[in-house]
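Each chain gets a letter, A, B, C and D, in the order it is written, and its residues are counted from 1.
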Amino acid sequence: MISKIPVAILGSTGAVGQRLVSLLFDHPWFEPVLLCASERSAGRSYAEAADWFLPETLPAKAAAMTVAGCTPDLRVPLVFSALDADAAAKAEAEWARAGILVVSNTRCYRMDATVPLVIPEVNGDHLALLRNRVWPGRGGIVTNPNCSTIGLVLALKPLFDAFGIQAVQAVTMQAASGAGYPGVPAIDLIDNIVPYIGGEEDKLETEPLKILGRYQAGASGEPGSIQPASLPISASCYRVPVLDGHSLAVSLRLGRKAKPEDIIAAWQEFRGQTAGLDLPSAPQRPLLYLSAPNRPQPRLDRLTGGGMTVCIGRLRPCPVLDWKFAVLSHNTIRGAAGGTILLAELCVRQGYLK
Amino acid sequence: MISKIPVAILGSTGAVGQRLVSLLFDHPWFEPVLLCASERSAGRSYAEAADWFLPETLPAKAAAMTVAGCTPDLRVPLVFSALDADAAAKAEAEWARAGILVVSNTRCYRMDATVPLVIPEVNGDHLALLRNRVWPGRGGIVTNPNCSTIGLVLALKPLFDAFGIQAVQAVTMQAASGAGYPGVPAIDLIDNIVPYIGGEEDKLETEPLKILGRYQAGASGEPGSIQPASLPISASCYRVPVLDGHSLAVSLRLGRKAKPEDIIAAWQEFRGQTAGLDLPSAPQRPLLYLSAPNRPQPRLDRLTGGGMTVCIGRLRPCPVLDWKFAVLSHNTIRGAAGGTILLAELCVRQGYLK
Amino acid sequence: MISKIPVAILGSTGAVGQRLVSLLFDHPWFEPVLLCASERSAGRSYAEAADWFLPETLPAKAAAMTVAGCTPDLRVPLVFSALDADAAAKAEAEWARAGILVVSNTRCYRMDATVPLVIPEVNGDHLALLRNRVWPGRGGIVTNPNCSTIGLVLALKPLFDAFGIQAVQAVTMQAASGAGYPGVPAIDLIDNIVPYIGGEEDKLETEPLKILGRYQAGASGEPGSIQPASLPISASCYRVPVLDGHSLAVSLRLGRKAKPEDIIAAWQEFRGQTAGLDLPSAPQRPLLYLSAPNRPQPRLDRLTGGGMTVCIGRLRPCPVLDWKFAVLSHNTIRGAAGGTILLAELCVRQGYLK
Amino acid sequence: MISKIPVAILGSTGAVGQRLVSLLFDHPWFEPVLLCASERSAGRSYAEAADWFLPETLPAKAAAMTVAGCTPDLRVPLVFSALDADAAAKAEAEWARAGILVVSNTRCYRMDATVPLVIPEVNGDHLALLRNRVWPGRGGIVTNPNCSTIGLVLALKPLFDAFGIQAVQAVTMQAASGAGYPGVPAIDLIDNIVPYIGGEEDKLETEPLKILGRYQAGASGEPGSIQPASLPISASCYRVPVLDGHSLAVSLRLGRKAKPEDIIAAWQEFRGQTAGLDLPSAPQRPLLYLSAPNRPQPRLDRLTGGGMTVCIGRLRPCPVLDWKFAVLSHNTIRGAAGGTILLAELCVRQGYLK
């Protein structure tokens, strides 16, 4: 790959946008040439417009760039979107209609039947939906799932394939950064947890079904579609005083008997649909099972595989369903910016970027 | 009640012991005359021996008392035990054998078939086990359940009675004070949660069955016994950076169909076996259902009813079992010291103190 | 006092406003009849308009009241203001001009030469400025100092009177609630402190001089004025992950030699200008010196005297100035709502309410 | 440097010991061949003996090593000590007497007149004390200062040299990891700070004087000595709920007038005595001045320069002394393990390892 692909970032000053900036400015394939944000920020330097709050240094190149508005710009064939849902619906459609591939971290189009909702290792093949060409020109939208969905589905996928899954219970304990910046007030998370995150449980109960679903090619010339998986998922979402790293307590019923060593082997051996594709952001292993009795923990394990590896631990029988275990994934890397970049890499590798 | 009942407190310098001291020194029925602790503390003033860490003021009378050792002392007919499990097995048996009623917050004897494990509102009638007189003299041991068990069982009891319960899933998010003092290191709870509490899940999966069980009187002269309830409970226990207040995310399957308003009514109307007994530590209502979508929260709701009322919220259908909801109870008041005192009050009211 | 004085609360839905509501609804002298807030909230019930976030129960009477706008209402002779500074300048002047006594927690008029800035125990006599009648009618404005200023000045006052003070260094570690609600984002206070609070250091370096100043009556008919104290104060303000309770590390140089026991005695014996006035919100003692080496601590000591007593500890020689010590005061009770109410009580007692 | 220098680590399982293990296992000069700890741990694998609590992965080589006791072992010419002070006094002397160079992070020998107390950039020349040969053989002890001292002295040194310093006031807000593991109980740091750290203020008031002192060679054959600096330092030490990173609010009086730009330039240009030595652990710059008004912050800035750069911000006039500013240093990297390694590198470079 001789020259890098010029890309834009929508919503570049927000929490996920900052992570995108942090990860993309020395990416081997992509080169951010446009940092876009709301009209309020447009025209200012990125250093001024963004209230940079990551410990990683703001890349000097980014700092000096002038923030652009969110109007489609044909200099880029690919745009990352980290817009708020309110702004995203209109903007993302505009960029797509302009013939640009939108790789989005926003919820707007995730459940749209014509839009792929993809975790590369799990259902990279769903990108075939892009061939539907429902968007004029060559543009299109690809979406990255909710930050909690990603950890859950990655942990489920090997078991889904090997044993079948009949039911899933998940209680999440989600990090503050999942709410963006400013996000949750400190007053709500000092000596406290909050048993509610608006809209989150619904996402966690529906998105996995689409992701675990099956792509069916359309009849001659007809667009393909996704046949969703069919299993009940019950989610309860809590906010906890953790900076990064969503924890999930998961119980499930399998389709057939499994021994614990087989379940662990399924996780440890899982490489998924990115195997062999040599994508720059793909971790060596998407999943890592930790045998220590008190792991995974957010502070200790969230940066495994550069924040792209989901950690699992504490597999043990569930007296109500079959098995229970603990899952941890980094919500702003694997669950947002990093996941979105990996998805864009997959689009490039699979030839969806024209 | 003209003169107060003299009582002793075992383990008076620890986390639960301090709460007992805080609550008992102006109790209308009891008067602490002995503050007992390990040999290391014995002989020192309570003010010196206890590293008092409650915001409530250390009662002046307590401060000035000389800490005693844990040898049975016949000046008291009743002793509260907040000893560590290691020390408790031997000490509690000695006090009981000496003819003293031991009301214990420790786990040692909870699952002993001859010892009542009691939440006064739920199964005060189990105190009848005390009549077994397995302990020489008139002594005996009565136990208070684990701090997480209490909130769970209080929330389950009205549904258990009204609709039957076939299965329970509970994920706990437990406060630091549940581990005593010093307990959990700060390093483990800054920007972190811990997905493991040694022994806790087992307690939560077994104690409720005994508490929800049925007392059966023995045949002529034979001791009575508890027929435990039969239902699978699955618990996953996490430690979170909260000072006081255990949160539980509960899902359950009922024995028969119920409308949400009937479930809520069952909770709101629940008064239990302490109704009409006029016990000083009994809250006006053992349960309170909060209708706000983001409640109960530890910081806001744990002191409801002086910390003796368990708060419930977020009742909604569970796609896997039938219903799910959030529970909160104060772990060192209702779940430990306050619960133990209420239990002692019930023993007195029911005539078990001779 | 047969019937209560009807009062209004401006900014009643905010952080300080909620504390005012919590404290005023069973106040022996005052009866809130108007809960005012911005136009956005006006017309809704208080329960809806306020996102109540105190552990204390929202008073039922308040919950049911309809929130009013901020236009002066002559049904009340006294109004408490907890408005944001932006809104306060205009609104408070309007209420005062309408002939109503405004007792304000806002910074707008604190340094206005014609407006009293008062800590009742310290400089209640400064209320005499109200006689200036610069406001048409009988209205006027009285202000409560900044939340950090109050703890500092209460600790300084007895030493100022007994020994003189020549210089003060203060580093504050301020609670999140001092920034109101939503206030500081959780992301900024998880595993973090912030070495900056906009405008705070300036307030702490100037307000004490006015409060410690001397009231000078005007020549015949002329208005009186405050002759400010003259001493350098250096403040450095940090935000820390504490819910309530501002901590201060103070060093100072005294005007003349003092023995530590004399300093402590000055604090312990201090009663100030409210002594003998029998004000309902006045704590038994404005100051309490704690001898334990690791006190005062926010969680343990902030509610001393119902949150109205300032705690001091760790008096020891300062190698650079003369003495150093630790101060703690409850920022939303003594430092805001409670202090404002005490100030209103003083106004009533001294006859400034006509 | 062809082959690496074999080294031992005393106290390898503790908080600082783990950092040493983390940093030394791919160090270009040193190769840990002995991981030593108390008798309790000796004989077990390091993976078992250490309750590894760093987010960085435990190096596989370390994990597999068998923990040794603390008896001197002549296979190594250099030993790092992270022992508790209790154990260190005897053990360090034994290793030194055995002819081994001890580079210690422990406080025991810091103020010993014959032992160098060194921050490489500040007073590397004090290593000349090692030539005193008070220890039999070629062994010796070199000490790293207290974790708070290091940040303070690095910030002071350029001003001390350029302008002179006449007095220093420092209030520290120290991270939990400074107390080791388990260290501070979570209960003490949830919704709380603690205004006391045993022994800490004394260290901060005395160690800097030795470090800023002047080495004076002895008369013919006589040992050299350190002439300590003479200036009053006043320290107040607080513990705050931060994981890593000690913050200091510093005020000082300079020996002569300075403009703010000159002070900042002194910091920005400071390279110190390690300049040109090409030590592997030396950061590009020991000091970094941040111009943003709300920096440095622990979470955002502690890892600057790999945790070896001390960050400074908020320079502004002090109404009492001359200037005040904020300092941040990583307490377990620059302030402990990293600082100790840099010190060992300097010893090697200066030829003190025979």
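Heads up, the rule we're going with is that a residue touches a chain if its C-beta (ideal position, glycine included) is under 8 Å from a C-beta of that chain, and two chains touch if they have at least 3 such contacts.
Please read all numbers here as calculations on a predicted model, not as lab measurements.
Averaging C-alpha coordinates per chain and comparing to chain C, the farthest chain turns out to be A.
The chain pair A-B and the chain pair B-D differ in C-beta contact count, and the higher one is A-B. The centroid of the Cα atoms in chain A and the matching centroid in chain D are 41 Å apart.
One finds 43 Å separating the Cα centroids of chain A and chain B. Separating the centre of chain B from that of chain D, both taken as means of CA atoms, is a distance of 48 Å. In chain D, the residues that touch at least two other chains are 53, 188, 190-191, 241-243, 299-300.
Interface residues of chain D, counted against chain B in their complex, comprise 53, 176-177, 181-191, 241-243.
Remark: chain B residues 167-169, 171, 173, 188, 190-196, 205, 232-234, 236, 238, 240-243, 247, 249, 251, 293-300, 313-314, 318-321, 324, 326 touch chain A in the complex.
Put simply, chain A touches chain D in their complex at residues 53-55, 190-191, 243, 299-303.
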